[in-house]
Every structure is written in structure tokens, then in C-alpha cells.
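Here the structure comes first, spelled out in C-alpha cells, and everything after it is commentary.
In order of appearance the chains are A, B, C and D, and numbering begins at 1 in each one.
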Amino acid sequence: MKKHLFVISALIIVLSLVTACAGQPAAEPAQQGEQPAAAFKAGLLAPGPVNDGGWNQTAYEALKRMETELGAEISYVEVEMSPAAFEKAFRDFADQGYQFILGHGNEFTDAAVAVAPDYPNTFFFLSSSRFYDPSVPNVIGLNSDSSQPCYIFGYIAAKMGTGAGLIGGMEIPPISESFTGFINGAHAVNPNFPVQVTYLGNWTDTAAAKEASISYIDGGANFLLGNADFAGNGVYQAMLEKNVYGFGMFGDNTEKAPQQVLANYILDYGAGLVGLAAEVKAGTFKPTGNIEFGLADEDVIYIVYNENAATPVPQELRDEVAALYAKINSGEIDTLAPVK
Amino acid sequence: MDFVSIKKRLLKFSRSAWTPFAAIPIALGIGAILLLIAGYDPIQAYAAMWQGAFKDRTAITEVLIKATPLIFIGAGLAVAFRCSIWNIGAEGQFYAGAVAATAVGIYLGDLPRFLLVPLVLFAGASSGALWGMLAAFLKNRFGANEVVTTIMLNYIAIFITGWLVTGPMIETEGLFAQTAKISQNAWLWRFLPPTRLHTGFILALVLAIVLYIIIFKTSLGYTIRAVGINPDAARYAGINVKRKVLLAMAISGGAAGLGGAVEVAAISYRLYQLISPGYGFDGIAVSLLVNNNPLGVIFSGILFGALRSGAEVMQMNAKVPSVLVFLIQGLVVLSVVAFGVYSYVSKEKEE
Amino acid sequence: MDLLPSILFLQSILAATWRMATPILYAAVGEVFSEKAGVINIGLEGVMLIGAFSAYSVAFESGSLWLGLLVGILAGILSGLIFAFFTITIKANQIVVGAAFNMIGLGITGFLYRSMYAVSPVPLGLKTFPSLEFPFLSSIPFFGEVLFKHNIMVYGTLLLVPVATFVLYKTAFGLSIRAVGEHPKAADTVGVNVLRMRYVSVMIGTALAAVGGAFLVLAYADQFVEGIVSGRGFIALAVVVFGRWKPWGAFWSSLLFGIFYALQLRIQTMPDVNIPYQFLQALPYLATLLVLVGFNKRRVQAPKTLGVPYK
Amino acid sequence: MEDSMPKNNDSQTILRMEEIHKSFPGGVLANRGVNLEVSQGEIHCLLGENGAGKTVLMSVLYGLYKPEAGSIYYKNEKFDVHNPKDAIQNRIGMVHQHFMLVETLSVAENIILGQYKPWKVLNNLEPVIKMIRQMSKDYGLNVDPTSLVQDLSVGEQQRVEILKALYHGADLLILDEPTAVLTPQESEHLLDFLRQLADKGLTIVFITHKLEEVMQISDRVTILRDGKTIATVKTKETNPRELAKMMVGREVLMDLNKKEKQPGKMIFSVKNLSVKDERGLPAVRNFSFDVYEREVVGIAGVSGNGQSELALALAGLMDSEFDSIILNDILITKCDLTRLNQLGMAHIPEDRQKMGLILPFSVSENFIAETFNDRPFSKFGFLQFKTIKNYSQSLVKKFSIRVGDVDEEIAHLSGGNQQKVVVARELDRRPKFLLVNQPTRGIDIGATEFVRQQIIAERDGGAAILLISTDLEEIFALSDRILVMFEGQIMGEVSPNPDMIEQVGLLMAGKTIESAL
């Protein structure tokens, strides 16, 4: 029977080797050695894989910028999606002297509020949150208002298209607010412009996202907007295959459908965060309220047109859009107005 | 009891108890090879993992907190599996429990603590039990295979939860997909401040012990085991097999539902769309790992809790993707299986 | 309601049905082989992930979809070999090993994907199998869209199901498989090598599950993401039971699941439908449950020794 | 395979097995030095009690078990057999006691199973079916190759088994207790048929424990006892008494010391009982009978004629319809197991492993299978292990069950001791009405004697007993009255007079009582 055991172990090892040898490791080896004691440390709690080409990746890239621009020691953890795990992760960072910790989603709020009083010298930032409470001054909500660029997208879609489909992963604010903006934008052009929302119920089912896109196309829509992390890839793919238009979310997604993506909404979270992080590092950060990023923060949230699209957004329309910017920034247009 | 039989029992117990732990090095070893190949330093990775799980009192309590839902679910599943009911639906039953507990915790929030806490727990347990009994009913009444029905019921429970927290039970209309916090009167006591260790963990231990006693020391457990081994013989002995199936699913679902209630009442204080990161599926392995012994579930639950807890620090400090922990969990199970065969054969040789 | 929109609606649903059913069908037909021989593999989800990842990484590195598919199948076979070793040779509980495989599949593919493609600067998309255009046929109204505009792997199921049926019911090999799951000792006494038959059946099962996973990355979505299988392995298990352990049964029941899935996605796109979308999402699962209950009157038994190791 | 037979001689010898040793996990020695020599064209009986090692020896020959020691010579060559395929290829066929047929497959599929390379396409089974039809006709076996095995009667299934072996081209045919499932007339027919085959040159090894069969059919007989060869004798030169002595190892006194008793009042009565089997077909039809105090009523019949369903229905384990059942003066409207038990019924089921016992449980856990919920074994729902253990030990002693420790798994006990556990458990409840189904199937002679004596003692103690058995000898030895069952109906009632055996046989085959008498 010992022979059996040996065979088992051998088999498992062989499997591991075979599978592992399929490709070269691309990851850099873990960093050895300690930084100087006073090093500035920034940590990230990501609710999903940081290579999702969407929401989580924006945060990861912001973290990378802190590393290159501020020399910060960075680290991230993809937390198990259970409230039980959040507090521990915050504490693990804070215990190790991280001064800047970003919980990348509103779901981290309760945990941050619970932990923050024990670590007064650490700042806990929360993405997609409007949290501010003077009694826990070191927890600060950061809201990047996706509804504003999406308002523009909706406007463009209604001007250029016959109908639009919006595909979301799950119904959470970063998703639903962006859709609200899109619908408001579209309805500003034409209150009867057909636009609907589909939720997949998960972040991983690329195939279902693609299928949802196709069902919009079959229904007559020729504009798509996906906001579903990993699964969002399926939306770009549908654009490419069925040759309908769409927009890129959170980063430059042109490559996924080079002729179909008319414009990308870039969330350069880093541009917003590096400044904050620099203040935290310098010890000069004095929060007075939650922080909102919008189109007004031109280096954080902006739209890039794709000049190589099959039908680039025409200049007249771009001019109209430019006018919209001003109205949005001034508050004249409420992109988050309740949808009728 | 004579000395020989005591020795025999001790030997038997140690055999069943040590296998999961002996299996860990094997699983970690294979993981280490994979880490090396992928260009990581396994020693650093595992050191970080160990640190994350056991570096101080807080870390250890966090492991226990993570183990709590696994113990609830695993101990319940042990009963179902002993009855040969393949309940893959603990995930859905956990959700059902969390939903009911939250509802009670919010809408009956004015009740005094000594009433509300038991009520919240009771609501969770009974809701989970009912969700489990639905599968048992379909099996008894229509002969529907419980593996299939429980999988389907998982999805349905999760979607219903999603609807509740984005619709009827949402805290603020149009805002975050979460319910309001449950009343403070429903919170479980965190008895070891500043850690978060809560009475729910104690409850999990008690439940595991109680289920152990039920299974192995009572006439009820006798019937459940009999049905699981040989339903024909059980019927012959006057046992109502369908009723036991219903009961086993009720216990199993009830335990999972109680786990969901404790998670809400002790940790999250409110309901989210994804209240469970797959505890129901981990619980299957937790129970099977110790041969469906509710007492053993305490150990395997803590083991899995430690792996999970450590994995996050491993990612934080050694930059190793935490998904690796799933692989290690799977390998632990397979190694235990292999060890089980080994000890079985060596036992035969002895005799 | 106009006739034309409703026809288009139906066309859209039916065209999607087959696509959505395909990955489930591959895995389910494979599982039919495995279960017919008496081995239940609840680790399909994990095996599909392994198949998807292997196929993707090889196709991505080599640029050849077919090579990717081949390696995916090999990875599936290798997984099957290990599964069979534990369940057949060691005689471990099949549910236990299956549960372990689900964890291993998720862990190993996630880990390797991170290690190999973490935050990649290059686009990770593949050029997937294109939709085929058949002269004349593809341009038939309605049917052209529903039946004649799919990619090669979707059409593969048309080959798969008859071939699987033929193998199971018209060859000596299939006869042995059916005997081995029903009464292994009887098969043994007439010279059928029970263990070998079970090994082969399990490996057919995992190979096809891997094809189902590979379909997702080679012919549906264009890249691997963690957890891309999204529960299809579990659905395949249900489909096998619902399809009464027959390839054609699996075909029709996975289509049934596909049609409800396609339907729920389309209802979500319709304006003026006020059903909460979560209920629509639950529809395919609810339908499977109800049909399973409703259809179960004429009971077809599982293979008699399903889950029981031999000797 | 090359070395020829070392010891000589007789060119007639087709098979020789020398010093075969085979043991099983748990230390059971099934064969400890068995020798067997079979001549070409003879019918050779392998005689022995249950557990003597007959089946194991033949399974070794057939490649199902690997012996630890010993050698086999077959057709003048050393015969290394690794699996049944080797045996089949060397033209050895075996009809197992528990049929090796896949019920969901057709007869033809069963017959060709394993005979082709895997890639062989079986698109058209017509030629095979035709061939089977022809063979079936030639041998007068009357088997339809297209029907599903699960639709066949036990006798038909046996014919399929024989046909299968012949189809595989057997020169040496092994039959393991083939008459156990047949009526006397069917057995007769089978024996004639085997004789014909032998006359055509086929060699037959016939495993049995029935002396009459040995005397009737065999040319020679080898007697096994406790895994050893006792002797091989020519049938003509021996007699049943001598065979019995060699088989059991002592003089057999099958005298149960059964005295005439006057039946008392009626204990159990059933009117017009009908039961449907699992497939919904009628298995028991309008069955009516009474059982009185101090009386054993035997139900004779070929297995598969509704006896199992009858027993299960009476025990409340299967749905049934009836006009009335009276047990102990109480009119019962629904056969409910708990209720029947309360009214004083006990049931010794036909299959102890499938129904009577829970094999992974310990001996003591099995002793309380029906009383686990009652005081003193259970208090407030908690099992009282000490009480249970004491109780078990007392039963073990009382029924002289051979077991080391009552905490031992019952699976480790021999069949006879397992059956004793069931009997002890049921009888200890002092039943008013005892339902017994196949009480001595597959157990050794010592245990059989013991069990039968217990049944008689119970009768003498006043119980009403319904005995269902396919073993006619048992029926005649124990019963006060005999009811014969055929296709779910009572064909007639006869007295247990040895002269009536032939009539019982005719009734068992479905003849009416008029034509039988």
C-alpha cells in the first residue's frame, strides 16, 4: 500500500508539473527585503481579481502609480467576498503600518468604520462611497461618478443609434449609477430612445454577457455598454462580431473591438489617488468631507474618442458633448436624476 | 472497560483524527512545487500564510470566525451525508437563514435582547431547515434526485436574496444593494474584545457536539444512520424512511441556516447580495474530510478557516494569488482520501 | 402585437438556445458515459475550468485554436485519469473526489492564470471559431438564423450526440459500459475488464467536459477569465439526470435549459416588463426543477451501481 | 501453458486442480488444499454444505479469484487463469447461483457481452439473434433473444445463462446449485437436459448440496468439507447415507423431534390479499388463509411466484389490498408495520443482508433494530449502551451465536451466525404470529438444524407460524399444513406427508389440485 501512496503523490506532482509548464510565469518574484522603516505603504482590498480589465484593475493601476510616483510600498489582497473577511484584511494592513488603505467598493464601509478608530494614523478610503462622518474622520468615501461620462455615452448613442443595451454584472452602485447616467443622457436626446438594462447575476459569465448583448442586437439595438468586470469582455466581443457600436468602460478597451468602440471612459483613479496619497504621505491630509471625482476632474475622469472607429463620432456631436461637459460640471444637468 | 479496548479506541480515534493533518504537508508540498515553478518563494509564501492565520490572538480568533460558518454547515451536512442524502444545497440554505435572520433583526428590532437574539437564530435555522426540507419533499414525493434539486435551489435562493436586497429590503431606495443594519438588540456578544470572537462560534461548537451525540448516541441518530446505510433494512425495522430523509434535510438545512443567521447577527449585521463566498460548497469538503463526523468537523472547519485566513496575508505580503488556497484545499481532500485507504489497509494487516 | 416582431423574438431566442446549450451538452454527454459505467463525477465544474484554461493558454501562445482544443482535451483526459485513479483504483467516495476536483480546478486555473497573464500588456483575446456561412441555407429566413449561422463547435454537438448514442448502443464497447454500470460482476464473469471500462468512461467524460470548457474560450467568449464556467458543470449534472442518462435526452434537456436561459436574457431586454430581473434569472433553474418534478412520474432509474466502487 | 501434465496418465482427464488454497480478508479460509479431478464427458458433482468451499473452488477455476497456492491442469496443460476471459477462451462456462445477467439488457446483448473487441459495431444483431434462436431450438431451451432479461422468469433466466455458456462454446460447464430456483419438474427437466449434453461430450461440474440430485445425475462425486477434499467416489458405488456422513462429518440426524400438536384458536387470518410488484404487475392475487395457535403453515412454491411480495405485504413493507386481516382478534384495516409489531407479529425476512441486518452496524446494534426506541434500550432518546450490550450478550449466549465481541461489525460473522442474530432478535419478542421467509437459505447445516429447532420450539410454545420456503424438504419437515403458491395464487392445500411431494411439485408448476391428485 505504500506503493500506492507513492503512486498517488507521483501522479499529483506530474499533473502539477504538466499543467504548470504550459506557460512561462509572468509574475515578478515577490519582493525580498524590508524597505526603510519610514516607507510609505499603500494597500488595496479588491473585491475581485485585479486583472479584470475593469473596476478592480483601475484600482490596481492606481496603486502601481503610487509605487512609481511616490515610491510607495504597495500590496493588494483580493478578499473573499464575505463581510467576515473585510475587517481582518483591513487590520492586517493597518497592523503592518500601512497608512493608505483603499477598500475598493462600498461593501467595505462597515468594516472600515469598525476598524478605523483603532488605527487613527491610517486613512481608510472607500471607493464608490459617499461616506463621511466626523466621528470617524479617517474613513473617507471616494466617489468616481461614472454616471457623468455615461451620460455623455447615452447622449451619443441616442444621437447616432437606434437603441441601446446596457449589461451589468450585479446591481451595485458603480454599475447601476453608470446606467442611470446613460439612460438620462439618451433620454435627453430622445425620451423614447429604447434603452434597457440587463443584469447577469455574476461577474464571470462572459458567455452570458455576450448572449445578452446579442439579444439586444436582435431586438434592434446598435449600441452596447457593458459594466460587468470579467464578463464585460463578452460585450466587446458581441460588438466586434455583430458590428455594432459601443463604449469602453474604465479604461482603454479599443483593442477589444477596434472599429466598434466609439469612445472610452477612462477612470484614471491613480491621478485622483496619487495626489491624496502624497498628502497622506506628507502628513498634510486633512479630510473635510467625502471626495467626489467627476468630469470636472479632467485628469481623473475623461472620455477619449476612437478616431479609427468605422464611424467616428462626428465633429458636430463632439461639439455638443463639449457643451454638455460644462452643464454637467455646473450641476445644471443631474446625471443621476431618477429615471422615469 | 478493559485496557485493551481503551487502547483500541484510542488507536482508532487517533487514526481518524490525524489523517487530515498528515495530509496537509502533502498538499502544501505539491503547492510548493507549483509556487516554485511559477516563480514564487514557497517558504516566504507559507510563512506569510502561517503568520496570517496564527501570528497573534487576533489572527487566531479570526481563523475561528472564518471557521464558524464552515462548522455550522459541515456539522449539518455530516448528518445528511450519514443519511446518504447528498445535499449540495447548503449554500442556498445558508442564504435562506441569513435572509430570515436579517428580516427578524430589522423588522422586530424593538424587541428586547433576550427575546430578539434567540428569535433571530430561530428564524435563520427554521428558514434554512424549510429550504432544505423542500428538496427532501421533492425527493420523497416525486423521487427527484436531491443532488439536482439542491443545486437548483441554491441558484434560486441566491437570486431571491439578490432581489430582496436590491428591492423590498434595500436600506435606501436606489442606493447600495444592502439592507439596513439589524437592531443592536440582535447582535451576538463578542466576548473577547478587542477581537471579534463571538458567541456564534461557541454555538457552532455546541451544535457540532450536539449533532455528534445525536448521530452516535441517540435512537434518532441510530435511525438516521440505518437509513443511510440500508434503507430496506431500516424500513423493515419500522423506521419511516421518508420522514428520516425529511428530518436529515431539516437538520442539515437548519444548521446551514443557523450559520447564515450567525454570520448576519455576529459579523455583517446586514444582508448583502453575496453574503456567502461559497461556504456551502466548502462545507461539503469540511464534512467529507472527517468521514462525516460532526465532532471532526470542528477540526476540519478550523483547518479550512486557517487556510483561507492565511491565504489573504499570503497575497498581501508574499504577493501570491490567494486563489491558490482552493488548490491546496482540494489537494488536502485528495490526500486524506489516499491516507484513508492507507490506514484502512494497515488496519486490515493488523487483524 | 405584430407578427414580425414576435417571429424575430422567437428567432433570436432559438438561435441563442443552441449556443447556450452547447457547453453544457458536451459536459453532459461526457457525464452520461461516466455515469452509465457507474461513476458519478460532480467535479465537472472543475474539469471544465481546467479544459477552458488549458485550451485558452495553448491557443493564445500558439495561435492555433485547434491545438488549444487538443490540449484542452488532453488536460481533460489527464484529469479523468487522476479522478479514476482515486475513485476506481483507490475506491474513494466519488462525491468526495468530485468535490475536491471542483476546488482544484478553480484553484489551479486561477493561480496559473494570474501567474501567466497577470495584468497583461498585450491583448488577451483570441480570434474565436467563426460562424459558418452555408450557401443558400444561411439565407433562409428564420431557419437560416436559427440553424445555419453557428460556429463549428456548436455543429460539433450534431456529430457528438449521434456518435455518443451509436457508441453506447451500437458497439461492443458501449454494451460493456452499460453492463458495467448496471451489474459489474456479470460483466466481469464474461471477460469484460470492469475497472478498465470505468477508467475509459470516466476519461471520456472528463475529456468532453474539457471540450465544454474549451468551447467557452475558443468559440464563445474569446478569453479565459477565472470562474468562466459559472456553474455550467453543475447544470450538466442536472441535465444528465433529467435526460435519463441518454445522449439524446441530454441533448433535449440542455436545449430546454438553453431556451429558458435565452428567454430570460431577452425578457430582460424588453421594455415595460416589470418582473424583477432576479426572478427572470432564476427562471432556467426553476424550470429545470419543475420539469424534473413533473416528468418524474415514469421513473427511470439511475445505473444501478452508480457511485459504488467495484471490488 | 506449455508444460504438460506431470502425473500421467488417464487421457480421459480434462481437469485437475491440485492443493488449491484460497483465503479471504478477515482470515476466512475458503479452500485449504482442495483436490479435484474431472474426466472428459462426465457429470461430476461437487457436494458439500454451504460454506464448504465449492463455489470458491469453481470461481478459482473460472478466474474470478486468484488462489494463494495450488495448480490447475486443464486439457493436459498447465492452466494459468487470470480472469474469466481466460476461462471463456479455454471453453469453460459457468452458470452462477446468482445469475450474472444484466437485467436492463436483452438476452442477445447479455449473450454477446464481452465477446467482441470494443470497436466491433453491433449495428445489426440479427445474425446473432438468429443463431441464438437456432441454438435455443436445438437444445429445447425456448428462449427469446430479443426480450429484456428483467422481463424473464427465474427459470428462463437460468436457461439464458446456460445458453450463454454454450454460445461461448463451453467444453466444460459449471453449474452452481442450479435447481435451487426450480420446481421439482423443472429440475427434472434440467437434469435430463444436462445428461443429454454430457452424452454429446460436454463435461459438467455440478455444485449441489442435495443428495438425491447427486445420486440421480452424477457419474462421480467429490465431497468437500471445511475447504478440504474429503473424497471422490463413483456414484454407483455409494449411497446417500454415506455421502451425507462425508459431507457433514458425522451421522446426520435430521430429526426435529416434532410432535403432533392440536392447533388452538385462530391467530392470523387474511382474506383476499392482492399485491402488485415494483413494476405494477400483480404478484399476489386474492390470497386467503388462516394460521392457528401451535401450527406451522408452509407456503411452498418456486421462487419468484409472489412469495417475496406476500411476505413484504403481510409485514407491512409493501402496499397491498385486502378484504380483511385479523391478527390476535384485532381487525386490521391497513398493514402498518408498527401496528402489526405491537399486535405481536415478528418477521424473519428472506434476505438477511438486504433487509434483516445492517451490515456495517455492530452485532448489538443489530439486536435492537426494532426495539431501539423502547425502554430499556433508549431513555429520553438516548441509547443505553450498557443495557444494550448486556442484552446482546445474553442473546448471544442463549442462541449460541459464535461472536467474539458484541461490538464487532456483524458483517464479519458467518452467514449462519448472522441468521441466528436475526432469529434470536425476532423470537426474543415472543411473537404471537411469526412470519418466516427462507429461514435457512445459504447457511450451514449446523445453523440450519438450530434454526429449524427454534421454529418448532416456538410453535410448541403456542405461536402461529407462517413459513415461506422454496426448499421443499424444509417445508415438509416443519409444516403442519402446506399451501402451494403459483403465480401469486394458492393452488391447493396438502398435508406434509412425504407421499405428497409429487403432487406438490405439480401444484408448484401450476397444475390444478384436481389434475395433481
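The rule is short, and it goes like this: a residue touches a chain if its C-beta (ideal position, glycine included) is under 8 Å from a C-beta of that chain, and two chains touch if they have at least 3 such contacts.
Just so we're clear, the structure is a prediction, and the values are computed from it rather than from any experiment.
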| item | value |
| --- | --- |
| Chain D and chain A - chains in contact with each | B, C |
| Pair joined by more contacting C-beta pairs (B-D or B-C) | B-C |
| Centroid comparison with chain C (C-alpha atoms), farthest chain | D |
| Geometric centre distance via CA averages, chain D-chain B, whole Å | 47 |
| Centre-of-Cα separation between chain C and chain B, whole angstrom | 29 |
| CA centroid of chain A to CA centroid of chain B, Å | 33 |
| Centroid distance [mean C-alpha coordinates] between chain D and chain C, Å | 46 |
| Set of chain B residues in contact with two or more other chains | 34, 38-39, 159, 162, 166, 321, 323, 331, 334, 338, 341 |
| For chain D, residues that touch 2 or more chains besides their own | none |
| Junction residues of chain C - those touching two or more other chains | 86, 90, 108, 110, 112, 114-115, 118, 226, 278, 281 |
| Pairs of chains in contact (touch as defined earlier), listed by label | A-B, A-C, B-C, B-D, C-D |
| Sites on chain A touched by chain B in the complex | 1-2, 4-5, 8-9, 12-13, 16-17, 20-21, 25, 27-32, 43, 75-85, 87-89, 91-93, 96, 106-107, 110, 118, 170-173, 176, 201, 338 |
| Complex contact set, residues of chain C against chain B | 42, 46, 86, 90-93, 95-97, 99-108, 110-112, 114-115, 118, 226, 231, 234-235, 237-238, 241-242, 276, 278-279, 281-282, 285-286, 288-289, 292-293, 296-297, 299, 302 |
| Complex contact set, residues of chain D against chain B | 25-27, 315, 317, 337-338, 341, 347, 349, 354-361, 365, 368-370, 372-373, 377-378, 381-383 |
| Residues of chain D defined as touching chain C within the complex | 62, 64, 83-85, 88-89, 94, 96, 99-105, 109-110, 112-123, 164, 168 |
| In the complex, chain C residues that touch chain D | 170-173, 175-176, 178-179, 182-183, 185-193 |
